[in-house]
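Questions regarding the structure given below will be posed in turn.
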Amino acid sequence: MRISIVNPNSTRSMTDTIALAARQAAARGTEILAYQNDAGPVSIEGHVDGALAVPGLLHALAIAERDGADAHIIACFDDTGLDAARSILQGPVIGIGEAAARMATLVARRFSVVTTLSVSVSILEDNLIRAGLSSLCASVRASELPVLALEADPEAANIRISEEIARAIDEDGAEAIVLGCAGMAEFAASLSERHGVPVIEGVSAAVKLMEGAAALGLKTSKRGGYAVPGRKHQGFAYPEGMIVHSGEAADTEPAE
Amino acid sequence: MRISIVNPNSTRSMTDTIALAARQAAARGTEILAYQNDAGPVSIEGHVDGALAVPGLLHALAIAERDGADAHIIACFDDTGLDAARSILQGPVIGIGEAAARMATLVARRFSVVTTLSVSVSILEDNLIRAGLSSLCASVRASELPVLALEADPEAANIRISEEIARAIDEDGAEAIVLGCAGMAEFAASLSERHGVPVIEGVSAAVKLMEGAAALGLKTSKRGGYAVPGRKHQGFAYPEGMIVHSGEAADTEPAE
Amino acid sequence: MRISIVNPNSTRSMTDTIALAARQAAARGTEILAYQNDAGPVSIEGHVDGALAVPGLLHALAIAERDGADAHIIACFDDTGLDAARSILQGPVIGIGEAAARMATLVARRFSVVTTLSVSVSILEDNLIRAGLSSLCASVRASELPVLALEADPEAANIRISEEIARAIDEDGAEAIVLGCAGMAEFAASLSERHGVPVIEGVSAAVKLMEGAAALGLKTSKRGGYAVPGRKHQGFAYPEGMIVHSGEAADTEPAE
Amino acid sequence: MRISIVNPNSTRSMTDTIALAARQAAARGTEILAYQNDAGPVSIEGHVDGALAVPGLLHALAIAERDGADAHIIACFDDTGLDAARSILQGPVIGIGEAAARMATLVARRFSVVTTLSVSVSILEDNLIRAGLSSLCASVRASELPVLALEADPEAANIRISEEIARAIDEDGAEAIVLGCAGMAEFAASLSERHGVPVIEGVSAAVKLMEGAAALGLKTSKRGGYAVPGRKHQGFAYPEGMIVHSGEAADTEPAE
Amino acid sequence: MRISIVNPNSTRSMTDTIALAARQAAARGTEILAYQNDAGPVSIEGHVDGALAVPGLLHALAIAERDGADAHIIACFDDTGLDAARSILQGPVIGIGEAAARMATLVARRFSVVTTLSVSVSILEDNLIRAGLSSLCASVRASELPVLALEADPEAANIRISEEIARAIDEDGAEAIVLGCAGMAEFAASLSERHGVPVIEGVSAAVKLMEGAAALGLKTSKRGGYAVPGRKHQGFAYPEGMIVHSGEAADTEPAE
Amino acid sequence: MRISIVNPNSTRSMTDTIALAARQAAARGTEILAYQNDAGPVSIEGHVDGALAVPGLLHALAIAERDGADAHIIACFDDTGLDAARSILQGPVIGIGEAAARMATLVARRFSVVTTLSVSVSILEDNLIRAGLSSLCASVRASELPVLALEADPEAANIRISEEIARAIDEDGAEAIVLGCAGMAEFAASLSERHGVPVIEGVSAAVKLMEGAAALGLKTSKRGGYAVPGRKHQGFAYPEGMIVHSGEAADTEPAE
């Protein structure tokens, strides 16, 4: 089985971290195809970064499906471009934000999300509403750590996140914690032990959900919202169309 | 990895069907431990059957965890006893109803459930509300086929279910179908092909979700709603306690 | 008119307290039939206690209806087994949790519940959602008093509950208080006077609601969710069936 | 115990019918004080009728409380003026719309309302949302019978209402029916027998709920939304104030 | 274009302030017709004031339409009588509460309301629910300033409101502020500058929305909830009818 | 006052139609700046078209603000890129979908949307949920007319839309109609007359709302979700950044 994971931003070290996390989570027999959106911003913080990342992200996903991927992961906690991705791809697709939240519902009645900047809070809240998960979410808390600060000083980041987790448990009644950024993945195990609740990060959660969906042979439904109007498919195939629209996204190769 | 699956009713042929479906869905390396609740009713249709099945079901699940199961599946589409099961077990637990619905959300914007009798409709609707899934559910439709009729005349059952699927797609806007009974599992693939939408049955969905959760090392949170009050744990361990309360559930051995 | 009230747990002193409270609340001409579920746990705290109590509770309710009860009360604030009870009984049934909350809506725009342990909070929140009452509930607060501590040291319990009521009024905007445990009934009047808001306990609220429903000649609807599938009724009457399933619940006689 | 019931419209025959229905529902020992709002419109159909009826209605309720009423009923299915009434009165108050709906939730999982004109549908839907009852309501259906037509040709009205009940059960999944107008009260018993589901009318439901609330000694909470600002109470008592504001409502005496 | 604005209370200084604010907000070519409800209370605080103000308010609005107003504004933040006004008028109508909240949604994801007394909080919350705006409202906060105190000591009022705005931003995550009383209008600009978020007052918001709706030629829909039953229109025209019912409201002339 | 309107697709005739509609709706003194996203798809039908249109759309909006626009309109009924646009712009921004729906709430209790293809239905439903408008929306109906067919055969399109409006009124209880595509604007007046309910199209609604917001001097809040992280603003100004990211969007000039 092949699962693609696309980093919608252009920061190589994050792509490598994400690919590593995905490969560590993958079952034997699962090949992880990792892609980087070189046309994307250096990190995705807020609506604008997200919007600008999508064309290159879709391009990368289209390449991934052509490369034989059975299922797909968008490695951004904002689930950037998820609906559009589901519209162009045959295989199932998930974002790491929705993946982590859905996994949390399997082991707790109410979870909290601890994310990076407050600019992302309403994006995540809107995503949770859209996904039918808001009634199970106790709170979305911002640590006010920029994405790239997680790499720059992991120890300080870990402390800051741990403080916010403590508040989520004590003040909001969280029974599990979802780490709201791909860059926080490595902290999950130690934070879970320290706080005595499940702490879930999205890359590994997404790998397991996509392995499951692909193993069942599921494809994204093409009825309703994820259909692409037929007229355009004739003489205007979307993968190529996308290249035309976002030619600068060309360097979107599997990050080996 | 070991995953337990418990049939909360006492009908052997259903237990065998469920166990077979689970084993077919399981990844290499996953051992399925199947249990039958001999103290349960012959099928679970409505609130009373469900309530009477729970003590024996919990007993079986406690045995399953003692037998080394890493995660657990309740093989009833009503998710009978799910909250109580999560309270006594360390590993993650899911019911096949919640599993199928969560899997459907990965490949479609709105799904419909086609279940057996109308007595189950409000149970399923309540479960979907509780799980935060009701906004993604287009409809819950009853085929008015009793559970055991699925076994007695599968061909007629298949036709009846197919009619209801057509209505869900045409009238309710369903983009995927969830089959609302463990006994419908074998129809999934052919119905999906006929109707051109994903058709998801719960046993295989639950196996993949529990494989995923167990692979991530997740345990059910013991903070909040799934905690068991400490006082009772002292001098009154629940697994034994359950035996005292529901001794007639004794014949709950792994099936085969 | 006869109204049954069943204590789903096996603690005699609680049964006596409940029966007394019901009789004090009853109108002249109302006979209270009180039952105790000897097969139940000593108290109901959390999902497991609730699940284990239900078969014996249903048995007791079936006996109560045979004894001529026109309406029925489940004397547990979790409304344990309410849906199943409504499925087997002809007369109307209510749990003391739903009763107290519905009564509160008659005299205040928003109420808070003060209950025993935090393990019950999500159960009560789920019940309120299911009953359509969550938008009128300002908060569910745990006093962290175990059920049996209410009897052991009533004065300390009263102080603890009073503190939590003050917080519900000041911090959550509660306009009325619902006492979330049958054991708190005796404190209602004095707490109401101290805090200047209605303080409602469930046993008396349930008695008045069931007196009203029974006086109107109402029966539980047998269409939809509270129907019992017909096939099983033939050759497998539920009251007897229940005895077979939970024979150890036999000592369920009217208390006194 | 004394319970007041106020007909917010000025049609004598309806006041008499309502008073009779209330007295038939009342327990021995309950005295029904019936009032008519002579300043109101001849019937209440839509927002304007409702708004114009309120000052006289409040005046009548203030007189009722001075006359010793322990609890109060607004005999209009739109629950006209309910919030304002709760603000000026000490005793509990209910409208017959909310009363019927709350009673329906005691005997069915989902109910439908069959009312008079479609102009009332959105009023009733808004009331149900406000009262937290909308998730339990399968539908609000208009029979397109004007209020006064119920009196003019009861037989034809009965047939029309019965047709709408059949649709609510078959098409909307109603498990109980709420009759959405005080004038439909007399049809309840026969319609319930014909359709095999509980059929609830609001006057009797309100009498039983108010008897219950008054027997418990409950008063409307004066914290929050039902408080009247203190400044105005000094030197400007509301009952008198109301007379000043709506002097034409003077002929509001207990109806016989 | 002519837009009417009606002060539902009888305090002349407030009517003048409101009329001035409306005229300042009006575009060139918009004539503001200002009315005062001399039959109303001196200020509207809570349900009773609101209910008593409505007949005179409706009367004033009917006069306004006869005077040629193309659209109408109810100058009370509680949106008193809005549904009834929409039922009697041809032109579009808005209350300043709904107007301010709708305008806030154009410039922020979540807004808070800062109002006068806590007695108004649940009224405003109910209005927001009814208008579909509650999910966008972070909080409704009471400053505990009576309406008339705003005029008596504007400086102290400004400080009190500013404190509450700071809390709404810091504790509730408000991104914009809605001033919950017509009397606060003059503070909007300076508060917006001080707090760095949009601060919206309802009179000017309502003027712009009604100018827009009137310019589009929109009329209030007479299908459904805002229809007035036909039978009454024959031989019982509402504007006259209203005069009969609330004759003391006669002195409702355009202010100035 | 200057208001920009951006056609996110690259079809010149639609840009011209939109610009004309906007200019017809504009008040004297309002200058409409119209832009076309030459980098966009020929029409926006579904998630993929929308996602690919956003970078060029944002670029055009940034140019518009530099050109002195006080407020902005996204001329796509899907409100494509609305959140990102609000993040980069100082002035208020609205999409024509949200504009039409908000305007509808001023003149009707419940509205229906009649849109082009069913692929847009779930996009519009999600937008309505996000905007807090779903409880006021009776239905979203697809006419199955592709966007460009509206231009190709307007008469046939008009008939098809009229049929769907009739169904929305009769079957769904719509009291007003929102036309779900910029290309339907010209039909609004005649359809309103034929069906006797307000029929609202988004371009003119958006012009009036933005004129109103701009006249009040409102700016989009930069607290919370619409903030752009500060770090990136230093040395990486967004308007230029966007050009770098989507250079092919260069031909985005005011459409004369």
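Going in written order, the chains are labelled A, B, C, D, E and F, and every chain counts its residues from 1.
Just so it is clear, a contact is a pair of C-beta atoms (placed from the backbone, for glycine too) under 8 Å apart; a residue touches a chain by one contact, two chains touch by 3 or more.
Bear in mind the structure is a predicted one, so any value in this text is a computation, not a measurement.
When the contact pairs of A-F are matched by residue number across C-D, D-E or A-B, over half of them reappear in D-E.
Comparing mean CA positions across the assembly, the chain most remote from chain E is B.
If you average the Cα atoms of chain E and of chain F, the two centres end up 28 Å apart. In whole angstrom, the spacing between the mean C-alpha positions of chain C and chain F is 53.
The set of chain C residues touching two or more other chains comprises 109-110, 121-122, 129, 135, 173, 224-226. The residues of chain E lying in touch with chain D in their complex are 39, 41, 45-52, 54-55, 58, 81, 83-84, 86-88, 117-119, 121-123, 126, 129-130, 146, 224-229, 231-232, 238, 241-242, 245-248. Listed in rising order, the residues of chain C touching chain D in the complex are 25, 27-29, 92, 94, 102-103, 105-110, 131-136, 169, 173-176, 196-198, 200, 204-205, 208-209, 211-213, 215-216, 218-226.
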